[in-house]
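Look for subunit A in each of the two complexes below; its partner is subunit B in the first and subunit C in the second.
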Partner chain A sequence: MGIVGEMRFVGHLMRLNLASNMEYRASFVSQIVGMLINNGIYFVFWLLFFDRFQEVRGYRIDEIYLLFAVFTLAFGMAFTFAGNALEVAGLIAQGRLDYYLTLPRPILPHLIFSRMGQSTVGDLTFGVLAYLFTGRLDLVSIGLFVAATLLAAVIFATFAVTTGALAFFFGNTAQLSSHLVQALGSFALYPFGLYQGAARLILLTVIPSAFIGAVPVQVVQLRDGGALVLLAGVAILSAIVMVGVFRVGLRRYESGSAININI
Partner chain B sequence: MDELIFLPAPAAVLHRRTWRGSARKYLAIARTNLLNRLAYVWDAASNVLLMFLFIFIFAQLWGATFEAQGATEIAGLTLTQTIWYFVWAEMIQMGKIRHVRTVSQEVKDGSLAYTLGRPYNYLLYHFASGIGDVLIQAGVLLVAGSLVAWSQVGPLYSFRLETLPVVLLVTALAFVLDFCVLSIIALLAFFMEDVNSLLFIYHKIVFVLGGLLIPVDFLPDWLQAIARVLPFNLVVYAPAKLFVAWDGGQAVFSLGLQVVWIGILAGLLTVLYRYGTRRLTINGG
Partner chain C sequence: MASIVLKDLRKAFQVKRKAAGLGGSLASLGRPRYETVEAVRGISLEMESGELLAFIGPNGAGKSTTIKMLTGILHPTSGEAQVLGFVPWKQRRELAYHIGSVFGQKPQLWYHLPPIDTFDLFAHIYELDRKTYERRRDFLVEAFDIRDLLEVPVRKLSLGQRMRCEIAASLLHHPRIVFLDEPTIGLDVVAKQQLRDTIKQLHAEEQTTIFLTSHDAGDIESLCERVVVINHGQVIFDDAVKVLKRRYLRRKVIEVRFAEPTNGHLDLAGVSVIKLGRYGAKLELDTSSRPIETVIQDLMAGHSIVDINVMDPPMEEIIRAIYQRDSAFEPVAEGA
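Presenting the complex of A and B:
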């Protein structure tokens, strides 16, 4: 089956997931509102911080609006649509890949997209609202923002799946995987100018936080086409690494002999 | 048939036996969970990774902030005290008892009903079970955080060893207070489909009003006034501040407030638990 067929399949999964989420409308909406408040309170920290200290290493509150917009929209897009990306380690450790292995579809896209996040829709909404505060409402800026954020979302999701696939090699690494994703996000949410020397190198390679925070911000702020190309390259590389690690790991997979019903 | 006469045991003996039995029971629960925790070394190791990360980020952020302000002290705290403050604060936050998902799930799927017949108090069981975890986590996290803080800003010279027992007491009560709030959130699953958003909101309130991301002293005056009377600062800020900048009067004040808030929240928790278990229905056979 060609790539078009696979994309159609993923599109079909997303429609089903959305319908499933909408079935429990009150819960869905309350989770979204909860996440909006959650992000809002976190944002308050930066408002208070810059209200008191004005500027740190060239960063002011304006940069934080854009950083939050990029980060929350990328996070929202990644884990709303690829809802299982954060669950990979747990599914492997519990032997719950059997369900996907028995069906005539490529395992990885089926696994990643067979669930849709609920609260992450709140992140998605928050990202759009935060962008409105940046005041960059011309078409070029919006286009660059959407493109850079999409690529950041790909890096976010592929990193989550890659770290989740560590469970093939090290047993139940659900918490380790979750913490690595948290590390990726935590570093990205602070101004990149704070990090110096070896820390910068790590954030551009092993834990690529720079590519879901600082670099997309640079793309929008400076209209930097080179940075956008670099971001696209990193997104493709991340996807290749994810597929490679998953394939090698899958050979080591042992069934849990569990009977699962995916609803 | 001879008449059997049962002599009542003196009340004090009975009470002592019951109390000892209960204590032994909950200690056994804590011990079992502690051993269970030791079996999952990877999880503890990954927490250490996060601790390294957070203290490193805070050292960078606050180092740059002190430098930008050209200040040796901000709101009475030096850079060294500020970074060590975050070590203690993060130790509490990351070492806390994590039972919300389990309890809310047991409420939702009705499996809570099966535990009601067991010879223990459901909430005390979760507390005892979590304490074993806390002891391991907090110890490991403190060592990890201290290593990073020491490498970034040097030792904490303002720390006084003789104040440690009181700091530990305030910290222990912080865990109890946090447990009460989290248990209330978990039991709200009797009325709500999903309590995750409430949990997120509580965590984020602790981030700001509790002093996890920014010491309460650094907040604007009007917000400090609010933060200081709410229970959230007693979970993180109060013990962490006493650790880096001891103040006897503040210690007594914090202990008093902690006891009052624990009383209020434990009362609320008891009412919620009794009301919820009366409404509990289970399906299946």
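Presenting the complex of A and C:
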């Protein structure tokens, strides 16, 4: 089965996930609405802030709209479709990879796309709405926005899987993985000019927050092709690191006797 | 032709040890203590195509660890294994097209969706064309009698119904070997027997190689021809089921409940009374001295019975008997 076949398989998994999520309509809808409100409150904070101050480290309200649009859409895309990316550490520690290992599919896409986030659909919706606020509705801007956001989503998801795969080496690292993903997101939600020296270096390498916030904003705002290429390079590198860490780790997988179910 | 060949297969795990309580946890935080536990200790065996082999042993004997190495889930610490000519942990995906597996405690069916959705997903996973898939699915639906269950969410199915659907799902791609890990765990007597009958029928019709693990001696008695018993990660018995039965499965325990009170006596030839109450009794029988049917007939002739239960000796007892026989201190005499 080639790449097209694999994509068709992932498409089937997503349809199945959607059907599974819709089994509980009230929960599905309330989580989406809840996340929309949650993001909205955070957004209002910035609106109030820029009502008093015109600019913070080169960012005005226009860049904040864009930053929110990129961030929430990237987060929403990553964890709505690759819902298991945030669960990898727990799945490894509880011996829940057995199901994937007995089936003839490449384990990583099968694992990652076997669950769909619910609340993250709210992020996805919020991202689209926030982009409409930027007023950049010409085709080039939309194209750059979609491309940069997709790459940021890849970096988000691969980072989550890589940190989750540390469970192969250090036992249950679910908390650590969760903190690292939160750090990745939190640092991305502020103007990059706030960070200097070592902090800036960390956010460009170990915790690559710059590539899910500042760099995509730069791609859309300045129509910066170089930044887009850089973003693509980081996304590819991030995917390579994920595959490498996971493959090495899988040799150490110990399974387990926990009783599992596929939701 | 051999389907499975194992040579001195071993698997060891590092297990963390910690003293009880908060003090133990604090000590473990500063200086964690690990111990190597050998779950599988040099298993060698061969299994022919079309064979129905029972791989049994008590909890923690290494059954599941072995099956996980044979399906490519775990990498062994040392040793060799070939399943259908593939090295499972190196050629996991190639092998997966030819094997099916059911782990009693790890369902494959999607919990919130009906079985038919997982069946469709498996058709994608195994790249079955629509017609082949539908033909096979319809055949299995009939064989396992699950037509009425296909569109019911899995969470609403009983354990027995779910297990029939699980096994049907694992057979959709016509596997050459099926690994069944504790398929009857948690099932009641009727559901167990129903499942055993279907497995037996399918094996007879399709000649699929079946590798069955269980700690229920009843599974082995009614299903398999050959049995491998393992304990502490080592093979301690590998022979025909009839040999195991003749040597170690002769003892049956009968629990019976009466509709009316007994007179305090229960005399049945060749049967020892373990416990006798006003409305019930626990009896023990050596089937080599007397067939169980005649004992039940005698019981029914003399009493009004509301419930009766015939049990095999627990796996621990069989293993103890195997060790006793091998150590030659207390040989178990062979029956007729």
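Here, the second predicted complex is superposed on the first by the 261 of 263 C-alpha atoms of A that agree within 3 Å, B and C clash if a C-alpha of one lies under 4 Å from a C-alpha of the other, contacts with A are read in each partner's own complex, and residues count from 1 in each chain.
Methods note: a contact is a pair of C-beta atoms (placed from the backbone, for glycine too) under 8 Å apart; a residue touches a chain by one contact, two chains touch by 3 or more.
Note that the structure is a prediction, hence the values are computed from the model and not measured.
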Which partner chains sit in contact with A:169 here, subunit B, subunit C, both or neither? Use first/second/both/neither. neither
Have a look at where A:190 lands relative to subunit B and subunit C in the superposition and call it first, second, both or neither. first
So, A:5: does it touch subunit B (first), subunit C (second), both, or neither? second
Partner chain(s) touched by A:35 [first = subunit B, second = subunit C, both, neither]: first
Would you mind checking which one, subunit B or subunit C, touches more residues on subunit A? B
Name the residues of subunit A shared by its contacts with subunit B and its contacts with subunit C. 24
Where on subunit A does subunit C make contact in their complex? 1, 5, 8-9, 12-13, 16, 19-20, 23-24, 96-99, 101-106, 251, 253-255, 257, 259-263
Within their complex, subunit C touches subunit A through residues 13, 64-65, 68, 71-75, 92-94, 96-97, 99, 101, 103, 105-113, 117-118, 120-121, 124-127, 153
Complex interface listing, subunit A residues touching subunit B: 24, 26-27, 30-31, 33-35, 37-38, 41-42, 44-45, 48-49, 51-53, 55-57, 119, 170-173, 175-176, 178-180, 182-183, 186-187, 190, 193-196, 199
Of all residues in subunit B, those that touch subunit A in their complex: 40, 42-43, 45-47, 49-50, 53-54, 56-57, 60-61, 64-65, 68-69, 192-194, 196-198, 200-201, 203-205, 207-208, 213-214, 218-220, 223
